[in-house]
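Quick heads-up: structures coming right below.
Look at the two complexes coming up: chain A is in both, with chain B in one and chain C in the other.
Here is the complex of A and B:
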């Protein structure tokens, strides 16, 4: 029952967090929780049901607006006590999901994705015109009311409200995977054709899966509204639908905890890095591509592989390889970040203006990583190129090291060895993963 | 043996220009084991697809225990009591052997939308599943991923899934393909046992199986039944010998 212990410790930790963290960090964790629930809800359709929805922002947004109306917009009286507001989001999400799911699950694969995309875009286009419901382009705002003796005036109150709802919802979604329905959802992904010939109504099953997913997406939207007390039509944007897809895949779709982890990590990094760089979206894209190319099983898959090799080899044998891999990741990551940041700065209008003012052949200094760099000098170009190639060299060495570890193992007594191909992949994936992670 | 479990009346199916099934009349009596044989491309699998709801006939009627079923959905036909297996193994590869059968068993229990019970805690489903696995000798492979089973084991799994819904009419599409002699013998005995009191329609290329198992045999050639009768009749039918057995497959 080791797994249960870890979960309990983690939950207790979440409950204790506000005692250690500043208000802004509590807010960040709040956002992480909401993103995690959204990704988890999305994964019911995507990872478990095997249907890639491209329009899940629709249900998140619907839930957000439903909750806002239940809370009471523009000074109107709310219809529910504050702690139960997300229920409105969940119920409306479920109802809309039932309708949308009925249409979209009539088809599978690309056609399914296209229908979900079209439905979400439809909502995105129509929403600004429905002033009464979505508040036009300006959106709507409301106010959390004290309820059940709690003021809900501080971030801490909101955090606990979010935490309890997220734990309940994620707990239910986890439980669901062990129920007859949950098992059928897996079967749906695996072979819907066979299900039909076993007497199951596949369309109804798909619709139900979709509606449940929309319900929890709506709940997540509701929680967000409780936190920020406002919403506008941009919540239906494609951007949000894409984000949940990226987060889910980066976390890993095959394991229940994957999307939770992916969404939490990416939301945290988004919060942390968006102040430091303007290119966060670019890095996010790079991370996603690296994952899809080298580690399609996501963060969870990466840890699974790490776990496997650590169980198989001692740290003493592994340490040179791990050291080299980390160095490679650092160097490649650093040179990538340097190149991206410098290009963005040099090509920015501000800098072009400065350069013009400074006169011909003079390049003003750029501050990055706490020091000044001069685009006119050779060093400016040598540094990233040098770092990049030393990174590649370190990567190559790490791969060689890995093969040595494996060969030694094979010549030894141990029978169970990783196959040649996957062994090779491990080292590469390892490095590339780190390279992505560090940027 | 006179009540009809399944009856096909002048069933036609064409795909664009290709006229695959050209007017088939077939009667499957209650409790009989009936084989459909014929050369490759005769339309045997298409016939099964038409009966089980995968395809809709262009013309003709199909009745299952007196009820018209042509053009109905596969799940409707399955719930009416018809179970089928597939020529190309059709299982849930990413799930364990136990889970495969478990899913097949659950349908009759109306558990499709049960979200408040743990499936592994539902005792009668577990019992039935284990019983079926025992039947097809897969008990030791219970927790293996279905996709990792050997070919013949997958065939056995396919059959146990077909049986799981307790169908009154069973369609087996080449159940023995790829099985060893010993496995085939076991499977014949198993099919004999499980089809007691049920009606079986089987497509099979192994003539030993066909002649030892069937009460009656129909011969399908280019989308038409050229003969139906007892194994003895079929063996001696000159038309059949010319069209099919004459090719050297002789029993």
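Here is the complex of A and C:
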């Protein structure tokens, strides 16, 4: 089968990666794998079970600390050989997930979200006071020991350890979707009332789903600890929970591969851009909002739509539209990045100091995109405004083009929905009032 | 006695403040079914707006202006963001507001820096209202409490005694029917969202000057506000009021109590054994003051899931 071939090639590629990549890149891929596993575990509850959790950092953190204790804290003897350490994270994650899941799956909808948030926050506030378990505010650190004849001293060893665990876990989660249990989880999302009438224990099912998800989140936390050999209470922070929500939805929750893809892409971009910009989190938020508003099916959904329109229309018909759409995306993206970066630089304390030193009407130059810009000159303001409006114009043209393509298509089958860039005109008809039913 | 009285005052006023923020959240939820994650961000934005505006207009005009501005921001968010994703369902709206709160926090960091800013109450308001057990009680706390009380009375009267209030309450209860009777329900939603945001902005502008104004204030308060709304019962104004006061009092009393479970065991003569175990048993209540609201929420969810004043499911 074609799909299996692709997976096999991809896995082989992952195993060969350390041969081509530098140390820091191997580390980056390691982080991507961990983030992907975390997102995948999260998606078991969120995408497949239809329960939006805002507190998954708790189980990631619990797994991290459990693994750390199993590894041996502060010179203490570890209780497991290094390759099996994440099991500790997974087991403790599972047990804590059982308790937390029992509480939180008592309610559905936004109540569920708030309970998960409160549970995570509870842990976040207690953790710094429990010195023995979480090491207070300073946190704990350990040391991975050589075992089974492998030293685990280099990044490559850690990478292979992570890779094998992530492949096993993701494979398990994938095959879980085909089991009766996995099917019931889907049913939980689609119609839990009907499930209850059919005689299933919905609360127990929800708790089980939650616990399994927490287990793999804990595994991901354990892998993280093996790689960095330390942890402190900030892993319980809202920040991590937010990140996994963003990654998962940017990737797309409806398809199994979506969260994996989203987390891998966003972690990679985070790694790549964090040296270039200090505003990566802002861009991430903007990307998330754009996806939520115009492409709720995420990156995967975007490719699916591209695929459908490529099937339906020839490249010759499509190319002007695609060209315009890409130009629009580029121009709008560039003007946004320019504005944000400039604002950050102009408003920074260092620059304000420089400007004060330089005197009343002189603005020192700012270097951006390899060239000097002078605030106060016309060009400084004209560039982003011009780019923005030409971007809007290109967008408008692209939308017109798209409608022409659709009108010319006499068969009239509405197979393809509008792609991301032309989302603007859909929204008007959405504005009509839709009743605010209570959850 | 001294500790008791001062904690009572501080707790009540903190509770009233919590109410001012949660009022908008619970109304919007009751009406639109949207749990607005960005609500506490409006609180933060209010404080930052007031900080910037007071340099130009002075303290009180800045507070009024920033309230209005945050209200406009709220209307904008409802009209151009929430309404567009409404047909995808409530989970989607929740995610959208979640993303917005993320962006707002990052924008605040971009404009004002990732550290607390120097937003203070003006010198003319920085005096003691009265002396209590030899310590001065700041008049500004009383002003904060007074504003919150006034808001509660105003909102309550508006909802229960006026024609607008009737439309709003019926739009919460049966939106389709209200629309069929010829009322512009989307407009009502937008206004309620705007007013809710403005209330959050007002409390931010007022409280930011007294407490700390930093990019983390939205998250710190936001989670507590969620707790208030869940404990009080989603959509219930009275419930929000009661829950705010309870949580305000609990947090202010807990800070000063130096007891732990070890002391309980000591009563039964097992104190040494308990302190030997340490860990959770030796935790002092004072260090748990941030945790107790969450415990309260879990207890409420177990024994009365719809909240103190909420309707069943």
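Just so we're on the same page, the second predicted complex is superposed on the first by the 410 of 439 C-alpha atoms of A that agree within 3 Å, B and C clash if a C-alpha of one lies under 4 Å from a C-alpha of the other, contacts with A are read in each partner's own complex, and residues count from 1 in each chain.
The working rule: a contact is a pair of C-beta atoms (placed from the backbone, for glycine too) under 8 Å apart; a residue touches a chain by one contact, two chains touch by 3 or more.
All of these numbers come straight from a predicted model, not from anything done at the bench.
A:90 in the overlay: touching chain B, chain C, both, or neither? Say first, second, both or neither.
Neither partner.
Just to be sure I read the superposition right, which of the two partners does A:245 touch: chain B = first, chain C = second, or both, or neither?
In the superposition, A:245 contacts chain C only.
Could you say whether A:107 touches chain B, chain C, both of them, or neither, answering first, second, both or neither?
second
Where does A:179 make contact in the superposed view: on chain B (first), on chain C (second), on both, or on neither?
Only chain B; A:179 stays clear of chain C.
Return the chain, chain B or chain C, that is in touch with more residues of chain A.
Greater contact footprint in residues on chain A: C.
Contacts for A:34 in the overlay, against chain B (first) and chain C (second): which applies, first, second, both or neither?
The answer is neither, since A:34 touches no partner chain.
Does the superposition put A:190 against chain B (first), chain C (second), both, or neither?
first
Return first, second, both or neither, reflecting whether A:129 touches chain B, chain C, both chains, or no partner chain.
Only chain C; A:129 stays clear of chain B.
Thinking of the overlay built on chain A, is A:201 touched by chain B (first), by chain C (second), by both, or by neither?
The answer is first: A:201 touches chain B but not chain C.
Can you list the residues on chain B that touch chain A in the complex?
So the residues of chain B in touch with chain A come to 52-54, 73-75, 78-79, 83-84, 86, 90-95, 99, 102-104, 106-108, 111-120, 122, 161, 164-165.
Write out the stretch or stretches of chain A touching chain B in their complex.
Touch residues, chain A against chain B: 175-176, 178-184, 186-187, 189-191, 193-202, 204-205, 208.
Which residues, counting only chain A, touch chain C once they are in their complex?
Going through chain A, the ones touching chain C are 50, 52, 54, 103, 106-107, 109-111, 113-115, 117-119, 121-122, 125-126, 129-130, 132-133, 238, 242, 245-246, 249, 279, 281-282, 284-286, 288-289, 292-293, 296, 340, 343-344, 347-349, 427, 430-431, 433-439.
Over in the complex, which chain C residues touch chain A? Could you list them?
The touching residues are 29-35, 81, 83-88, 90-92, 94-96, 98-100, 102-103, 106-107, 110-111, 113, 175-176, 179, 185-186, 189, 219, 223, 226-227, 230, 234-235, 278-280, 283, 287-288, 290-291, 294-295, 297-298, 301-302, 305.
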